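Can you keep this structure in mind? I'll have questions shortly.
Chain naming follows the written order as A, B, C and D, and within any one chain the residues start at number 1.
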Amino acid sequence: MNAVLVMGVIGADCHSVGNKILDHAFSEAGFKVVNIGVLSSQEDFINAAIETGADAMLVSSLYGHGEMDCRGLKDKCVESGIEDILLYVGGNLVVGKQDWEDVKRRFFEMGFDRVYPPGTHPDTAIDDLTRDLRLNIVLKGGRTDGVYSAY
Amino acid sequence: MNAVLVMGVIGADCHSVGNKILDHAFSEAGFKVVNIGVLSSQEDFINAAIETGADAMLVSSLYGHGEMDCRGLKDKCVESGIEDILLYVGGNLVVGKQDWEDVKRRFFEMGFDRVYPPGTHPDTAIDDLTRDLRLNIVLKGGRTDGVYSAY
Amino acid sequence: MNLKNEKWSEERFFEMRKEVLCQWPTGEQVDLDEAVQYLKKLPEEKNFAKRLAKAKNDHKTLLQPRAGVALVEDHIDLLRYLQNEGGADLLPTTIDSYTRQNRYNECESGIIESRKAGRSMLNGFPAVNHGVYGCRKVLEAVNIPLQARHGTPDARLLSEITHASGWTSNEGGGISYNIPYAKSATLEKSILDWQYCDRLAGYYQEQGIDINREPFGPLTGTLVPPSISNAVAIIEGLLAAEQGVKHITLGYGQCGNLTQDVAAMSALEEQAHEYFRFYGYDVQLTTVFHQWMGGFPEDEAKAFGVISWGAATAALAGATKVIVKSPHEALGIPTREANTQGMKATRQVLNLLNEQKLSMSKDVVAEVQLIKSEVKCLLDAVLDAGDGDLAVGTVKAFKNGILDIPFAPSVHNAGKILPARDVNGAVRYLSYGNLPVSDNLKEYNDDLLQQRASKEHRDVSFQLVVDDIFAVSLGRLVGNSALG
Amino acid sequence: MNLKNEKWSEERFFEMRKEVLCQWPTGEQVDLDEAVQYLKKLPEEKNFAKRLAKAKNDHKTLLQPRAGVALVEDHIDLLRYLQNEGGADLLPTTIDSYTRQNRYNECESGIIESRKAGRSMLNGFPAVNHGVYGCRKVLEAVNIPLQARHGTPDARLLSEITHASGWTSNEGGGISYNIPYAKSATLEKSILDWQYCDRLAGYYQEQGIDINREPFGPLTGTLVPPSISNAVAIIEGLLAAEQGVKHITLGYGQCGNLTQDVAAMSALEEQAHEYFRFYGYDVQLTTVFHQWMGGFPEDEAKAFGVISWGAATAALAGATKVIVKSPHEALGIPTREANTQGMKATRQVLNLLNEQKLSMSKDVVAEVQLIKSEVKCLLDAVLDAGDGDLAVGTVKAFKNGILDIPFAPSVHNAGKILPARDVNGAVRYLSYGNLPVSDNLKEYNDDLLQQRASKEHRDVSFQLVVDDIFAVSLGRLVGNSALG
């Protein structure tokens, strides 16, 4: 069974190129990709995740409003009963060139499991996903091998 | 009577473009210019100054060895009995991009009256010369007007 | 929805205005008669259209940055800095993304959060929320013309507020500010809404006030073949002219191949003139060249290389203005210092090339011909689809993939074409989708792509597209995965 | 002094060697037979000539910085950094100015002072003082070819030491490393001394070791008309070939006008080939393009603009390599970081242009013709002056102003010509001095200058020259005092 990823670009953000590239890369890597596209609200992400029983939610934000748009997403996931879903975020997350360690910390505090800087190659996320999904299963008490595979 | 300037490029330095431009500008401004050219030693400067009874000595150094090449020049002037001559230095005085205030201090300590950074316009030097030469006369107890003029 | 490429009557326009001005409380601040008086009193040097006309006449390329922050005072500081330190010829105000989606409530939060954080939390200036009072403050604080730059499918209120504030240019268009910027906004509506914006500009024009309009040339900024962007630019130019706009700047985003870029700019200007003339529009046409609009390298020195090559191409193409990127491009909205660095590098190159013309080589002439032929194929089909009506035809054309913009987010875009670079680095079609381009043009195109693939010892495939998307940010023009 | 353009016999060469190797104690370290063995064992990728030949074959432009500091260990760190971080294709070692004047005692002080100060007090690497041991350490610490770059009228000992150390390229020539670099060194002597250097390279070549020689193209780096620098480059190429040099790189310093620069590079390569063929020399010819060699702007962003435009021109001109400037150029010898920034900007532009050719427009063709005609006038007169002997003719030509380099410090240079930019920014002759250029060429030249003067509403006068010298550092190509 292939892991299901919900992905999209949050907020009023229309940057679609990276989204299409990630979709292509994740699909090629064997994941089942549910791409809700650009200009997606927190609710859009959560609904898609619930509907598809997704294992991970990959949020992109390129345009600078990421901090405002992502605030509260983790809480909403908890409220909606999908508190175990892996939460990744990446892109140009804040306005301007800021200290990356600081940015990362702010997003970790918001409840994201992984935070990616601009220019992250899709392969990095694929590696992490493969590792984290397996781990997640372990934590959830499931089987440790072969259950989720990207390939 | 027009003020006499001895000018040249010190040490093993061959940068001749600025030297030709300064020569042209100072001459146009009415100074009597004695240009000893590039690759001139401290002795060349001093001999030319003594021979021509120069009022000011304008040393250029572009190539980075200025600090080594200029060391001791003031002492030699004193020894040669031209301790009152105005001493200017300008160009790319040291190796690399260094803190300018620091560079200036080092050259003041060597006994230069004025120290110019890269990109100094000839007019700056002309203004300074006009002022300093007049001042020099005053200090020497001479007449304060009309004696030395650049025009 | 009653869409037609026909000048709106004053009644229809004024009818719609009432509705528009109610969209947010600051709409009340717009009084058209007062605004006309205000604009009439502005000094010449703040008029965008006049500044461009002068530059065109003097064969100079003007320099314009992008910039906008959340708060009025900060925005003024920023623009003054770009004017005084950066030496901008023309000033922008980049509008934030919530405004672009008409989410003025979120703008309000962004303004408050920005005050709290002590830095801009918005990626632009929320002009609607700041209203005419705020926008006029900005205009009055600077000495050169001001333009709204955004990406708003429905920019009616924004345009009302900014023009009334003396901002004499407005970027956008019903296609170029929808397909690359929106997901579900329909073209019927965005074209209608931009007819409104154009009609507004036309209204001012009728009162003797020159207003410049600039369709957004680069679209998605990512490997857009020149014939696509030129076709869209010409359509939006014609739609604007019909509503009474007299000062139009058509734009193009650098593809990176000098021959193609110079040719595309030439083709755009020539062919737009031809169409304007054909339809009897009397328009003052100028051009804008956008420095590379795709992904940038993170390294600042490399970014300077990209910026400078854009500047050189702008100069050699004889653009009336160039929109400047900064060395921070890959990472985030630039500080004013970084923005100024981009401008200084650009200015230096423009000045180095000021006296130089690139004489038309036979390669450039051939490429001009190619682009114009492709554009002709597209525009003929668009008009056909609309039974002669350009607006209607455009909507249908996007539905059928007769017009199609690569990598666009809109569901109203077919998304079937795929661009890739050829053996010389020019952007070609890996897939034409449904574009009605003639077979001989396609053969020529395919041959050039095949040459590249052979040179790189691989097949013509989607991997070329992926590699080309990343290429510039990885330090080259043509993505060649073999090179690593 | 017995100067003749004739290959030195081995006896004469070995006779002279004895004397040369005594000039400084490190001369003892050179053992020619051992050196030949050492060079034979070097890996291919450290051979300068081979690397250039490959690049030429692949139509690639290689990237080389300038760099040198006083101490061996620091110099190794520097070169490794430029290789690894900067991505240099070829490495330099810039030699300090005392070495250039053979003042090895002062070098010794410089080395000691540098140790004390903890920073380089010398503006380059004193290779003679460091000897073969020091220089081999440097070569062995890097992975790519190494070249000595200097400005030394008498570089005999320096060449002995560096070649014996496995540095497979040597920059310079009897004219180009005298007239712009010295005040009183006679041409008779400097040409003889460079015949020695060439003969040394030729000797290695006879032993089957490829050694590259590169006359210094840009001369004074300041508004040198292409016909002057091309004429000198071709003369030095011929003099080197006569001594048995087989791998020659001819150079040119950017003037800034694209048409002229591309044409000058074409003309140089074509015409050099013609002369080599005429005299029966079998030479592997490559070219080097120097980014703007005159005064730079202090602002780093502007400097990036100048650097990038140089990179673009190098690529479009198809140079085999480009010598890179840094954003610190106006201020001082660059840090390794600044040097790397210059290289990165350059690499980015080279890569953007890698797939692009500029097709020969008729303007370029006309300019090539013009430059070749002027060069022909000069070379004919030089040969005439020497009764057919190029070396003798060169000495006489400089005496009579038949060859003349603008702004040069040497008393053996007539200093009568004055360059200025024309209406398109190309470098022309404000005064031809005694150059034997034909009247029709002069008329064409004067007309272009007159056009510029008229455009700027002023006379053709010396002020043009002054303005043009400062122009690039003030942010433009053509100095126009009216523009302020």
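The rule we apply is simple: a contact is a pair of C-beta atoms (placed from the backbone, for glycine too) under 8 Å apart; a residue touches a chain by one contact, two chains touch by 3 or more.
What you are looking at is a predicted structure, and each value in this text was computed from that prediction instead of being measured.
Shared contact partners of chain A and chain C: not a single chain qualifies. Averaging Cα coordinates per chain places chain C and chain D 45 Å apart. The distance from the centre of chain A to the centre of chain B, each centre being the mean of the chain's C-alpha atoms, comes to 67 Å.
Mean C-alpha positions place chain A and chain D at a centre distance of 55 Å.
Residues of chain B in contact with at least two other chains: none.
Pairs of chains meeting the touch criterion are A-C, B-D, C-D. Across the complex, chain B meets chain D through its residues 11-17, 19-21, 24, 37-39, 63-65, 67-68, 92, 94-98, 118-119. Here chain C touches chain A in the complex through residues 96-98, 100-101, 103, 106, 109-110, 113, 119-123, 151, 180-184, 220, 222, 294-295, 298, 328, 330-335, 338, 407-409, 462, 466, 469, 473, going by the rule given at the top. Residues of chain C touching chain D in their complex: 256-259, 297, 299-302, 304-309, 311-312, 316, 340-349, 351-364, 421, 423-425, 472, 475-478.
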